[in-house]
Each structure stands twice: as C-alpha cells, then as structure tokens.
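Only one structure is covered here, and it is reproduced in the block below.
For reference, chains read A, B, C, D and E in written order, and residue numbers begin at 1 within each chain.
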Amino acid sequence: MVDTTPQARSGADRRDDAGADLTLSSVTKKFGAFVAVDDLDLVVEQGKFFALLGPSGCGKTTTLRMVAGLEEPTSGTITISGQDISRLKPYKRPVNTVFQNYALFPHLDIFENVAFGLRRRGVKDVKTKVDEMLELVELGGFGKRRPPQLSGGQQQRVALARALINRPQVLLLDEPLGALDLKLRRQMQIELKRIQTEVGITFVHVTHDQEEAMTMADTIAVMNKGVIEQMGAPAELYDAPATTFVSNFLGQSNLVKAEVVGRDGDTVVVDAHGSKVGAPASRARRTSGTVWLGVRPEKVFLARTGSESSDGGNHLGGGTVSDVSFIGVSTQYLVRMPWGQELTVFEQNSGAREAFRPGDPVDLHWIPAHTFLLDADQDAHAGDESYAALTGSVR
Amino acid sequence: GTPAAKQTAASCVSKDLSSTQKTLHFSNWPLYLDEKKIKQAGKKVTVYPSLAKFERESGIKVDYVTDVNDNAEFFGVVRNQLADCQPTGRDIMTLTDWMAARMVNLGWLQKLDKTKLPNVEANLVSTLKSPSWDKGRDYSVPWQSGLTGIAYNAKLTKEVRSFDELLTRPDLKGKVSLLSEMHDTMLFMLLLEGADPEDFTDAEFGQAIDRLQKATDAGQIRAFTGNEYAQDLVKGNVVACEAWSGDIIQLQFDNPDIKFVAPEEGLALWSDNMLVPNKSEHRANAEKLMDFYYDPVNAATLAAWVNYICPVEGAQQAMEKIDSSLVDNQLIFPSSDTLAKAKDFMGLDEKTEQSYQKQFAAVIGA
Amino acid sequence: MLWLVIFFVLPTIQLIATSLYDPNGSLDTGYAMTWSFSNYWHALQQFQSPFLRSLLYAGVATGLAVLLAYPLAYSIAFKAGRWKNFMLVLVIAPFFTSFLVRTLAWKSILSDNGFVVSALQALHILGPDGRLLATSVAVVTGLTYNFLPFMVLPLYASLEKIDLRLIEAGKDLYANGFTSFRKITLPLSMPGLVAGTLLTFIPAAGDYINAELLGTPRQYMIGNVIDSLFLVQLDYPAAAACSVVLMLAIVVMVLFYVRRAGTEELL
Amino acid sequence: MGAAMLVLLYMFLPIFFVVLMSFNDPTSRLSYEFDGFTMANWTDPCGPSGMCGSVVTSLQIGFLATVGATLLGTLVAFALVRHRFRGRAATSLLIFLPMATPEVVMGSSLLALFTSAGLSGSLGFWSILVAHIMFCLSFVVVTVKARLAGLDQSLEQAAMDLYANEWQAFWRITFPLVFPGIMAAALLSFSLSFDDFIVTNFNHGNTITFPMFVWGSAQRGIPPQVNVIGTVMFMIALLLVLGSGVVRRRRPAAA
Amino acid sequence: MVDTTPQARSGADRRDDAGADLTLSSVTKKFGAFVAVDDLDLVVEQGKFFALLGPSGCGKTTTLRMVAGLEEPTSGTITISGQDISRLKPYKRPVNTVFQNYALFPHLDIFENVAFGLRRRGVKDVKTKVDEMLELVELGGFGKRRPPQLSGGQQQRVALARALINRPQVLLLDEPLGALDLKLRRQMQIELKRIQTEVGITFVHVTHDQEEAMTMADTIAVMNKGVIEQMGAPAELYDAPATTFVSNFLGQSNLVKAEVVGRDGDTVVVDAHGSKVGAPASRARRTSGTVWLGVRPEKVFLARTGSESSDGGNHLGGGTVSDVSFIGVSTQYLVRMPWGQELTVFEQNSGAREAFRPGDPVDLHWIPAHTFLLDADQDAHAGDESYAALTGSVR
C-alpha cells in the first residue's frame, strides 16, 4: 500500500515516508505557575516504538501535544530528523496524533473523519484506502454513521484509523486503546506493531496498559511529575529499575529495608531483618550502607515454612499468608513478615501446586539473580499510590 | 371583505364631554409649536409658552403629542379606528389639505360649531377661506400655511426661475430633486401643461404625468424626497429642488446662498389643518384652542417661532412687538398679491385620488 | 405559541384574505372578497423589478455582511479573551443611537462632496461626476451596515461553542489555517452562519428605509412598493398580495437554503 | 484581529460622526453639518421638548421587550429543538414569517388586531410593548436555536442523572452553555426595539418613543441633543459591560 | 458518614440509602433497525457488585443508559427494589452514573462539578463532603480548576467523584477507571470496593479490565451483541465457560477439536488428534459426539518433548515452540501442534524453570480437572477477535 523503499524515506516533506528521529531538548511547559513538563530531554530513534508511561497528570499528553505542535513549549526545542520543528505549524509537521479524547469531527461521518487527512494532502484513491482502514479497525459498514452514534470503543477506533491512515513519520498515540476490551486491544496492538514494523513509522505511545508497553515498545520511558525517571528497553526497566518509583510503577515490587554487609565476587550481600541475601552487583544501584532490597512478586515462590531448603537461593522466612486473591491466570498472596511488612507473591494458577490459605506459615524463596538494590533515601512507596489505600484496606 | 369605510354624521355619533372633562389630546407635527427654555427648580426645562397660556386661560389641560410625521403614515395609523367609528384617542389632528380632504370625504370628521369660533371667522385670511374640499371651512381650521416653490443653491448654480428649467436645464442634470408627495409635484406639472390645478381633467393629468416621466427617464431628477431635500441642498448633493417655504427660511438664517423662488409657472399654497376626528369627546375644548390661536397676538407668537405662513389676519401687526425682523419676511407674511396667485390642488374623490397616486407612484418608481 | 397564534397567525390570515379582495374596492365602497387571485398575477407582473432588486440587494448585502462579520465574530469568540463581552457590546452599541441619526451620518459620509467620494474620485475609482449617494452602492452599503449585528451575534454565539480540540485535530491532520477553517470551523459554525444570513437577508429583503433615504426610486425595493401601495396608493389588495408573495418567496428560499446548508436542525 | 478591528472601525464610522455632532452648534435647525463647537448640547441634553421623555419610554419598552422576547423566544427555541411535537415544522416556519413581513404590514396588522379587539382607545405603552415582543421574538428564536443546535445533550443528561429536574438542568447547565446565544439574542432584541419606528408608529396611541421623536424632528431638523443621547446610550452600554466585568472578576476573590 | 442501618434501607426516595435490587426484564433497545440491546433479562441483587463485560459496541453503555433513564427502552421493564422505574425521569431514579465520556460540566469548576448532585438535593455541608471526595480521588487542591485544565485521568476521577458523592442506591460505572494508570486504578478499585461494601450500594460496572472484573465483582455477566452469554461468579465463569465466546473473551483458551470416546466414572474421555484426554463430567457442556476440548494457557505447563511422563495427567505431544514473548510477570509461548494449530501457554517468570526458545520441541501437560468441553457447533474463535490478526501476524 505504501512505498517503503529506502530511497523514499528521505525528505522531510514526504508524508508517506518512513519514521524519523524525534528529539526533545530541555523542553519545559508551564501552565501559569504550574510546571507540567520539566526540562525534558528525550531521543526517540527513527522507526522505533517508544512508550511513555507515567501516573495520571504527569505530563504525558502535554508532551505529545508539544510534539504535535498543539502546545507551544515554554522553552526548549523539538526536532524531527534534525530539523527544528519547535515553532512549525501543526499541519506542517510530519506528525499525527490519536487524541486521548478522540476529537472526532461531529459534522462529518465516520468515512469523512478518516478520509480527512488524505483529502487535505490531495491523496488519490481515498475510498479504497479508507475502506481498508475501516476494515482494519473492524468498523467496515460504519462509514455512514456520525460519531455520536458509535460506542466509546468504536469512536476510539475511528480516532486511531484517522491518524494511522496518514502513515506519518511520527505517530503520537495518546492511550489509543484505552476504551477497548482486552481482545480487541490485543488485536489492535498487533496491527499497530505490524504497521510500525512494516512502514517504519516512529511511534510515541502513551498507555496505561503495562503489558501493552512491555510487549510493543522498543523503549519505555517512565515519567513522573514532568520528569523522566528512567528510560530503556522494557526488560531492562523491569529487571533493573533505577528508582523505587519505577520499581513500583512498572509492575509491582517488594522492597525490604536492608544493610550492605559485604561482597562475594559479583554478588553484593545484604542483611535484611536478619537474613543474608545476595544480589548481582550489576543490579545494585548502591553498594554500601542502607539499601532497598527489591524482588518482583512473580519471582518469589512460596513454600510451607521449612519445607524447602534455600541452597544458594535467597530466602526470607517466617511469613504468614494474610490475604489470597484469585485473579484468573494467577493468584496473589500477601504475606506478613515477622517485622510487620506485607510482601506480595504471585503464583500462576497452573493447578500444579498447592494453594495456600490465609494463616498458613510460609517462607519466600527466589533466585539471587532476580534481586535488585536501590538507594534507600527514596520513599519505598513512590509510584505506588495504592499503598496507603492498601494498608488501610478492609479486605 | 370589509365594509365601506365611509361614515356619516348619522352613522357615527360622538358625544361631547368637554363640559366635564377639561382635557384635550392634540396630535401635531414635530417642531410646529413655539417653545421656550426656562429654568425650573434649577433645571432647564422646555415649555410651550402659547400653549401654556391657553391652558391657563381656558383651564383645559392639553396633552400635546408630536406624532404626525407624514400624512400618509398618519392616515395608516388612524384609518382602522375611524373606518370602524372607534375612538382614536385624539381630539385635534393637524393634516395637510389633501389628507384633510380625504377625511372630509370619508365622513371621519366632526363638524365644527362656527359660533364657538369667532376669532377664526374674523381673522382667517381670505385666500384660505374656501378651499375646494371644504368650501365652508365646516370641518377644518388652518394651523399654518406654506408655499411650495423652487429653492436653489446660488453658490453652486446660476439662478433657477422655473420648473421648466428644473426639468430640462442640462447643467442641472442629476442634481435636482422633487417632492415625493403627489399633490406637491403634480401641481407644478399641471401648471407646466397649462392646466389649472384647481380644475383639470384626467387627460391633462395624464399628460402631466408623461412630462414627469420624461424628465425622470432622462436622469434629470436625482430623487423624490420628503424633508431630506434640505440637507441635500445644503450639502450640495442637489443644487436646485422643489421646496417648502418654511424650510428655506430656516436654511437662509445660516446660508444666504440658498434662495427660494416663486416659479414662473406659479406658486402652490397649502395649509396644515386642525381637524376634530369622530369619537373625539372634547370637540368644544378643541374649538376653544382653535379660536385661541386665531387671536392675532397668539398667532404671531406661534409664527415667530415656526416661520411658516401665518393664516391669521392681523398677526403681521402683532408681530411688530414680538420680532420686528420678521414682519417684512415675504415667506411668513406674503403679500396678498402673491397669495392670490398661489394655487391649490383640486379636491379629489377617493377613486380618483387613488388612481392619480398610482400613476404618480409608477413614475417615481414605487 | 399562543402568543404567536394571536399576534401573528390571525393577522397573517387577514393579510392573505386581503390579498384576494376585489382590486377595485376603495375605502369609499369597501372591499369585497372576490377571491381575486389575479391580484397576485398583477403584483408579480407590475412589480417584478423591485422584487428582483430586493432579492438582489438583500443577497449582496448579506454576502458583504458575512465577509465583514465573520472575522469580527471569530476574533471575539477566539481572540478577545476577557474583552469578549466588551467587544460584543461594541458591535451592538452603534445601534443604540437612532437609526435615522446613523443613516443621516452615512449620508454625510457618502455625500457628493464628502471625503469618501473625493478619495474615490482621486483614485479614479469614481468618475469626476460619479457619486455614491443615491446609487445602489449606497443602498447596499446602508443595508449591510444596518444588518451587520444580526450577522455578527449569531455567528459569535455559534463560533464560541466550537471545541478548540477539533480545530487542533484538523491541524494535526494537515489542514493549514485556511483549510481547517473551511473544513472544520466553517461547517461547525454553520448554524450561526445560517441563522445570521437569515436574520440579515429576510429583513433586508423587506426593508425600504435604506432605499428611501440613501437611494432614489431607481433603487426602490419591494418594501418601498408595499409601503407606497399601503400608505399612499391605498391599494390594500395589491399591498397584501405583494407582502404574501414576498413572504412566500422568502420561505421557499429559506427552506431551500437551510436544506442545502445541511442545517435542518434550524428548522 | 486586524480585520476585526477594521470592521469595528466601519461600524463606528457613523458613531464618530454622532459624537462629533453632539458638540455641534448648528446655525440652523435643518443643518446636519458641523458648524461650530459647543458644550451647550451636553449641558442641556433634555433641551428639545419631549425628547428625554421619549428616551425614557424607549428604554423602558426596550428593556421589557428584551426581557419578554428573550424569555419567550428562548422557550420556543427549546421547544422546537428538544421536543418532537406535531406541527413542529410548521411552527418553525412560522417563526420566519414575521421577519419576512414588511414592517408596514406587520404594524398595520397588529393595529387592526388591537382595533378589532376594541382596544384602539387605549393604545400606548402596552400595545407598543406587545408589538415589540412580537417582532423581536423571531430574532431571538433563530439566534438561540443556532446556539442550541448541536449542543452536547450528554451534559444535560448528566445533570438529570445528578438529581436536577428539567428546570434545574436547564438553569444550571443548558442556560449557562447557551448563554452567549441568549445574550446575543437579547442584544439584538434591545437594538431592534430601541430602534423601531414603523411598527411603533402604528400602535403608539399617545406614547412617543425616541425613534418617533427623531423621525418626527427630522422633518424640521434634528436637534443636536439627539446626538448627545446617541453618544450617552452608547457610553452607558460600554460602561455596563465594563462594570459587570469588574464585578465578575472581583467575585471569586471575595468568595 | 452514612447511615447504613437496615431500618434506613427501605424507602425508594432515600438517596443516602443502601443498595437495592435491580431487575431488567425483556429489555430491548433499537436504534432505528439496529438492535443494540436484545431482550435482556438481568437481576442484580441488592448491595452486589455486578460487572458487565463484553466487546466494544455490544450494548453495555446502552444498557446502563436505560437503567439511568437516559435512553428509553424500546420494550421491557426495569425495576429497582420492585418498583417499576422504566418510565421514571432520570432525576427521580436513585441511580448515579459515571459516564464513559465523563460529561463534566465545562462551565463549572471541579468543586462545583462534584457538588452538583448534593446541591440539587439541598444537602448541607457541601464543602466538607466535596473536599473529602476530592481527596479520595487524589485531586485535593484542584477544586478551582475547570475541566479542560485537567489531564484525561484527572477528568475521569472527577466524573467518579461526582457520582460517588451521592451514594445512590445503584451506581452505574461505565469504564470509570479506563484512563488511569495501573497503580491508581488498583487504588481506586479498592476505594470503590470499600465504599460498596461499607454502604451496600449496588454497583453495575462496565470494564475492559478483566482483572478488575475478576477481583471486584460478585457476579460477572458477559455480553455479546446485545445478549448476555453467561452470568455467574468470576471463578465459575473462568473455570467453566459455557460458550466458546466466553472462554475466549474472558481470559484466553486453547480449544482443540475432539471426539467423545467414552466415560470413566466422573470423567469424560475424548480423543484429540490421537491423544486420549480426560475432562470432569461436571465441566462438560456436551458428553457425546464432537466437542471443543478447552484448557487455559496458564494451566498448561511445557516440558521438553518426552522429558516428563503424563501419569494420570492430560498430555498433548509433539509441539514446537513457534513464538516466545516476554510480558513482565510471565512469558507467553505459542506452540505449533502436529495438526497445524497453534496453542498458547503462559509460564510465570519465576526464574525457577528453564525458558524455551522458538524451535524447541515440547509437550503440553495439564491436570484433567482443568479441562472443559464445549459444544463444537460454535465457532472456536468467537470472542477472540485477535485470531484473524494473530494468524496473519508477521511476528
């Protein structure tokens, strides 16, 4: 459908062109005195799938809007393929957006909404392309309807189609799949990824679906209060979070206060409430003094107290199951440790292992390689907004 | 359908409550009554000296409303009521001859009691005593009169002496205006045809219309206007026009270049007449007021302010004491010679009136 | 609704009845209901040119009003910030002086020796004998001027509610300033534009004062004709017939226009 | 914004003239030329007899007609947009007819109506008011409808879901959202009413409005004070908005 | 804060009242010829948390709108506590809604948006209550802002607060948490659940987050094309789906064509492409002829071909790993079976077991109790909209 030969990829004016490097340098945006985006630096490589994650109100939409040219940065520059676009009009930028609020044109039917960008650029054969695109988002036959006659998810798909059809160099997606059910979301994810890989568009994707970010993105940036806390490949962020915020925001983490007591080759040894625990030096952000000892809930497996030896493995003993909840694929256990802290453990419901009940005495085991150490100066609950609520929970 | 609008003394009888109700509703043209500013309780207020005097002397409270702007318009305002023999809320209304004639014809006016009008009987100038449409002045008493003639701006054009020049002189092309009221303009067209405006035939009227048509077609005439001609004349949008004498006096105060001429074809004399409509309940009060203004001193007081022709014999002498500069103004007190030459428009029955109006309207475009 | 029925429907029925009365009636004799449909034929025949002129002048004035009003309404809605209300009132404030005073002022401004004419003559846009007053230019200018607020205000009301995010979305989809105006702002302001054109065109088509004061009989519109038939010629059946024709013509045009503009919700 | 300013300038062109003329010292009553400067008109604004009275009358009628027509017209607009009733289409068309009716015809029709109702003797303030409400109504309906068209109904629904009955949903949600339209309609109504001469003239009884006064005095030359009134009206309007703006900006501070 | 004594619970007019039974009987809604909701019957018990799940456009919003009184049913009746409310005005219904599109009042600030319902009911002490509610949704201090000055997630929280503050008998939630990041979403879930349990409000909750539905709901209804396919407790739906649609929509399922070949006590034995596999009779929707043999991906564990015996367990052999993807907590394997079908297996990333690579030969093992049998007349891919895309995927 689209020319993707390398020759065709150069020239900033060609819209049907492949993706391009996107750079934000020291970009700041203030609303009055409120700093929504704070001195942001960001490089998204050409043709990459970049995911922007962060809590509500942290400045994701604002960042995208500045890239699209819909908000002017208070300071800083934005470039695409080296060309400074900071002051370029939105319609001059080789960028399209799927808006968080859809922003469908109420006076146009679905077909014309999707055709809008093509018509502006005088592209031919609009009908075929739009029909194809509507099929892709499973809205074939809805072309004649008006936006208010669609369900929420259908509207979101129109917004997606409307941006996607233009195959811009950079596509900004602001929670483009939020209103879709899981199945459809997965399908759309695959479509997005396919288009992105085929055409080499640069995607900047805001999502609240971590799985989405994990599976789709080449790079993830975790944003917090207008600042990027950590950026890297999904597995890297997940396995070796740099801050407590990231460790809590991206997936869940158990963080236990510990003291570094020594070193054993590549392993940093810490003392956590009396137990000696090892962590790979490569995953330690700090190698002396007080640290947060971190491990992901799914890395931990539970064993009835004393039932398994911890040869070579890490081990924290003396816990009591305080809560069990069934969440489909897996079960989530809360385990109260002797020092009062509650730790979380996920157990896949393979049915192969015994399920525990509240009150059962258990030990926690995991492999040292899955341990990470963080600077203890940070709040252990940063990024875990549910902490306060959880601890006050009635369940 | 609607029934005939005609009323008769028998079909529409009006009571007179003047003896008990000392009030009078007077509808007149704006700025047609002498005014004076006085200080009252520290504030400047405007009063009508002569009217105040009348109120004092007669004990009648006058509700004076200046809501006559145009004869035809005013007719539209009162015709429904008068056709139905319903009250209009007015006791005196001041209308121009042709409209007064129509009212007389339709039987919409109350007959006046001559015995209550001694001043009028005595002082009404003779030229106005017997108009064709109200031979015995049974229904009407002139309020003010005026002349229709030609005015021109001497700074912008050389003298204009006749309607003939107005309609044909090439240097005036597109700079001439005529009055939009049929009677005003057609009177002169008839004179140009050599017909007598006080007694002419349909055929003569037809020829007069044709002449006017020719002049309009030629682009000679810029506009048919109401009172706006005065501004156009001052501004130079027109350089010569058909005009009313009272307006020209006003303009001359400021601009001596504005001249009023009695056209060679003749002059037109018109009056605005006080009329008492059917169902007015204060005819006697109205008659008191009419008679009051036919006292020469009161008449002169009025004339000194409004500058139209005073229809009251003896007012000229009374003017000496009021404003001596106006005593010899030919446009306020024209010689009886001038007045004798002046023409009046023949009274028309309703059908003829309508037909002439139509022909005239067709020429002026509406 | 009852209000409309009493104060409008009843008189309208009366008007239609009058338009069918005997054209030979007079106040003297009264008017008989003769179902004289020929009144319409005569009206159309005799007053064809003022009719067409009315529609033409009103049309041109409406067009001009759109051109003038849109930028103004747009600026008030989107650019005026806290001066919004102030500017709105500025739009209407000139109309708190009297109509006649305004028109007389226009007469002065456009007068043959005034600065506008002199300037145009100096630029050779007007010939040395050329004039503005007493031409169709003056009449259309007057109409445009006097109905401008009727265009500005509904347009403003309609523009003001447009969700700016939609315009942003348009820009994001390659619509430049002009295109996004044409494809998004304009269609979304259509209800206001249609309302404005109706509020301008309809009364302008029936207006006669501008033609009377700023024009000459050559510029007379159907309003002047009706006025004259009604007040001067006392030909009530013809006046009524003309009015009915005018009203019908306008209703038909409105229906057609509103359909075309896709703003049936205004009906 | 530049274009907008030019248009505003155009709209104000005659007004500059009016302001100028308010300082005119005319040499004759018929002159509408600037002949000389004077403050006299301003120190004696009510000079011409009956003028100030007519201004007051016009203001009263303008105000009441605006309120009446805006209220009624808004209701009609809502009925037409929100309710599907029989005869809706006919009613909508009916709304256009008064605008299409030449003023002479409307004025005289109303007069005929008042006369046949036997009210001819008591024409005056109230009959003018009724007539004005009558002809302002269409303008209000059309203007408000334009604003109402396409208004997001989900907001009203949300309000109803939050215990607002129809009336409250209207006042709390719809009205504020439609307000710019209503405001525009009210301004139009006021200017229509304050400027009307023809319809008023037919139904005025013994009441004189400001346009009637001006129209009438034009026959013999417009008194320069008319320009003073024009200027003052204009300034009052501006001061009112400026004033209300100040009040509005203060309110949150006070709260 | 709220009176929750049983005595206070009666009386339909009391807003601050506890939840109430909600019944929909034969409710149908048509838009023109299009049937959005088709002869729906539904009973939601007083004080229960009811979740409505279904693909985009299946009629969820329409159903809620009818309950709220914002859409009139084409036919059918709706009752609350036995009282027919089908034709009652929205504001007379003891029901509040969190709208999918938020529907915040643009001319009111956040405080007044939230206070709206209280003010309408003349409740006193509005300030305290609103401030409390804003704190709850983490928007303390945002009271003076206008809706467009908030981020998407912040707006959604306002919508939530605006409905919640009224403590209605029935609260309708239309994807109330869709725009929130995972952490905040979990926290809000806990809050919702707490309020619901404390006050006993009846919740009807539309969500696309299956975990949300699973953990929060007492009852889940899965809706498809205007019709409810299955309704029941979360675990019941998950473990014993009644239709292929439910099995695919709620979580994922592997469905393999099989023939019933016999019975062994409580176990139905089927032949699937040559392997004998058992399933509990209680989980068999069909006990003869052709069936779909179903098993959840997380119930299956992979073993290198031949490395583990299948004593007593179910077992399908001869697969080849065709795709591996890392999704944080677990890894998803696609395994191509000898008969060409691709089956899915989840493996928790506990780090305890070896990871497979594409091309590895594997066997699938699972416990017979986790097997279910469905009527083979149905499309195996119903509810799995990603199927077509998946099979056509480039990855």
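Here is the rule we use: a residue touches a chain if its C-beta (ideal position, glycine included) is under 8 Å from a C-beta of that chain, and two chains touch if they have at least 3 such contacts.
Here the structure is a predicted model, which is why all the values come from computation and not from measurement.
Shared contact partners of subunit D and subunit E: not a single chain qualifies. Listed by label, the chains that touch subunit C and also subunit E are A, D. A count of contacting C-beta pairs for A-C and for C-D identifies C-D as the more extensively joined pair.
Greatest Cα centroid separation from subunit E: this falls to B.
Averaged C-alpha coordinates put the centre of subunit A at 22 Å from the centre of subunit E. Taking the mean of the C-alpha atoms as each chain's centre, subunit B and subunit E sit 91 Å apart.
Taking the mean of the C-alpha atoms as each chain's centre, subunit B and subunit C sit 35 Å apart.
Among the residues of subunit B, those touching two or more other chains are numbered 73, 76, 228, 231, 235.
The set of subunit A residues touching two or more other chains comprises 101, 106. Residues of subunit D found to touch two or more other chains are 32-33, 104, 108, 112, 150, 177, 215, 218.
Under the contact rule stated at the top, the pairs of chains that touch are A-C, A-E, B-C, B-D, C-D, D-E. Subunit B meets subunit D in the complex at residues 25, 29-32, 35, 37, 44-48, 63, 65-69, 73, 76-77, 80-81, 84, 86-90, 226-228, 230-231, 234-235, 247, 250-251, 253-255. In the complex of the two chains, the subunit D residues touching subunit C come out as 1, 3-4, 7-8, 10-15, 17-18, 21, 32-33, 72, 76, 79, 81, 89, 91-106, 108-110, 112-113, 130, 133-134, 137, 139, 142-143, 145-147, 149-151, 177, 180-181, 183-185, 187-188, 190-191, 194-195, 197, 210-211, 214-215, 218, 222, 226-227, 229-231, 233-234, 237-238, 240-242, 244-245, 249. Within the complex formed with subunit E, the subunit D residues making contact are 152, 154-155, 157-166, 168-169, 172-173, 176-177.
Residues of subunit C that touch subunit D in their complex: 1, 3-4, 6-12, 14-15, 68-69, 71-72, 74-76, 79, 82, 85-102, 104-109, 145, 148-150, 153-154, 156-158, 160-161, 188, 191-192, 194-196, 198-199, 202-203, 205-206, 208, 222-223, 226-227, 230-231, 239-240, 243, 246-247, 250-251, 254-255, 263, 265-267.
Residues of subunit E that touch subunit A in their complex: 31, 53-57, 60-62, 100-101, 138, 149-154, 157, 174-175, 178-187, 190-191, 193-194, 197-198, 208-211, 214-215, 234-235, 238, 248-251, 296-301, 325-330, 346-352, 366-367, 369-370, 383-386, 388-390, 393-395.
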